[in-house]
């Protein structure tokens, strides 16, 4: 199996894992940068992540145009992905999701921040993008244009995660596994932070040095890959592992 | 398959989806207006939504009387559906549900409102109907008569959603898919709003122009139908899709 | 099938439903009064409700002694059931459970009360039994004796439900279906009440006349039996329905 | 089947139960002391608990070195287990987990404590270990060395449970079943305590005499083993029971 086939297959696994873990539901999408051509990426056609197969994966240029003929409907918000790949050569995988437990932080003035070790690599700073800031208060909140995608990417800046007001978030990975692992723990971190705040006492988060130490862990080391193998099995696509 | 058979089949799918998504449980019901005769609608006999099949679908006039002989028990609250169809020619599908996460807003003085984009089409105004206002404080809270159904429909007015005190809600759709999609996101919006309020900070909801923009989206466009296809598959009735 | 066989079979279904609905988990138990002999009742041997079969059902006198030889371990807290049957000739089914969402009300000074229509028949008054009141602060909190069971039954008095401090609750039914239906909605009512309280506004509960109206509904009418049929199917014991 | 084979098989069952009960997820691990040699213990190789089989169980000395050749990756945090076995001859099973509902108490100044009877045997005192206290604020929070494991074991002291700041907890058992049962109820106790606190009233916990009475129950009595049998069946490894 060559690198392109592996990328497409792994993207199917990522879709299934993130759907099974309820990071994605009927909506949301995940992409991977083309392994040979950094100006392109792979993303599914418009379909729910839980039922995506290899044939549903489409190659795109970073302005959201499919490479080759593609008659099937595409995600309206596909411009998110290319804009991040353009702005961030260090990033090779992108997720846009609406995971429910993250949403409160997209509409609240209370900041989101890492409080558990396995989400420490979300980084110390998590910006919030409000589409109304540059595109007015009459949009349907969807990222429907290249310009909107680039505006979101500017807010993301050098961070790993950006929240989107009343909408969801984007997360990024150095590898696809890195993205999936982080994205599973982001909603968990949100639940823990919300529950701790409701307890009413003082809260200890992660120290800056601890966040840095988490970011320094090799995302492809065995411990960091343990989730991928297990979650794929749980999601019913263990047969797509390996190679 | 003709329009009537398709309406009956789609109503089975809607029941299964809404049960699987926990919008409905053992109780609650969903209906569709007759595709040829606007004075009639289809609704199941008294049965839990998760186990309804095509044979369980009954044709009703809007005063809740079955068309043709029907010896099986009927939903006590079937009068809800006809009353809404009578009052709202623009509406072709109606749901009555008790989804748990919406219930707190039916008994609290804190108003329900859209805060996430995918629930933006619930509209800006969500009235609360209290059966005690016009029918006294000794009812069992069920909508057992045509008069009670019409009173509820008057409270609904031109909105898409009305809460029912200590009981549940009704939601409406221009199409059946429109109804199902909205109804899946209504409890999610409730959970996000509740969680954001508990954070204790300021909350940004949707701007009026954003709500209008969400309502302007074609409910039968591919993006708005994506959920139906996925949820039906998840609910185990993917074989009833198509045609 | 005679009345005794039917009672035993229905008790298996009740166990399975309550386990599947997470009212019961590995622990907790449900009983039914003997259909011919009001001085006896049926209850399982010591086994988790989700895996109980007909052979596990044992006949007991109300002081918790098995009728006939029984070498298998018995529930330590079986004395709860007989004590309620003794004190309440109107009651034909009893549950003891630890459903998690009810537990906060067993340790809080905030009173539990019905706020949703389908739990209205829990009644207006829900006493809390504290084993420490009459048996001291050195027990393991289990109802291990006839005397403790009778003390609990005295606290229950003429109500349908009694909470047990740091432990759980007992609920009662005129019929087994009546018990199961109520017991499914009791934790749901707890969740809705807790969520509404957290919203911070004013809360409307049920009016006394509404509670009375709910209690006046025939517990064996088709609408009140709808849950049993659906939940049994969901719990995988639809084959035990009927007759 | 000899004692060693039984220990290994039971450890597989414990892994599966704790994964199915969501005490463990992709991460976390459980061990058992060697039945004949108190200076050794069994623990899986680096693998998610839900997919562990007998072949994955490795024998370790208490400094975390595998007995015999072992080329497969090992848990980075395996040093936790040996350190507890060294310090606590009364303990024969150890768990390290990140169960989500316990995490808020690891970062909050509000103390964790038993409030429900089935978690009463967690004991009256639950220390919190902060890795930063003795190892600085630049670690990745993982217990990567024998010294860190021993520091954690010192904080555990004579208690059954210790929380780990921003990370998770360790729990201990006199037997493996004792550990599993406690560990299932610890997150439940956390949920009940959090929910009761949010109610805003006064809270009654367990009396010291009640905690002592719970700890005095034989952990291998039929009532205390009931969960193991049921949970193993639910987790799909009922075939590994018995003998």
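Labels for the chains are A, B, C and D, by order of writing; each one numbers its residues from 1.
Please note the rule applied: a residue touches a chain if its C-beta (ideal position, glycine included) is under 8 Å from a C-beta of that chain, and two chains touch if they have at least 3 such contacts.
Model, not experiment: these values are computed from the prediction.
Undergrad: Counting residue numbers used by both copies over all numbers at the interface, does the subunit C-subunit D contact come out same (over half shared) or different (under half)?
TA: Here the answer is different, because the shared fraction of interface numbers falls below one half.
Undergrad: Can you give the whole-Å distance between the Cα centres of subunit B and subunit C?
TA: Here the centre of subunit C sits 32 Å away from the centre of subunit B.
Undergrad: List the centre-to-centre spacing of subunit A and subunit C in whole Å, with centres computed as mean CA coordinates.
TA: About 45 Å, centre to centre.
Undergrad: At which residue positions does subunit B touch at least two other chains?
TA: Those would be 198.
Undergrad: Which chain pairs here would you call touching?
TA: A-B, A-D, B-C, C-D
Undergrad: Which of the residues in subunit B come into contact with subunit C in the complex?
TA: It comes out as residues 26-27, 46-48, 50-51, 73, 75-76, 98, 100-101, 103-105, 107-110, 130, 132, 136-142, 165-167, 194, 197-198.
Undergrad: Okay, in this complex, where on subunit A does subunit D touch?
TA: Residues of subunit A touching subunit D: 115-118, 120, 184, 188, 191-192, 195-196, 198-210, 212-214, 216-217, 222-223, 226-227, 229-231, 233-234.
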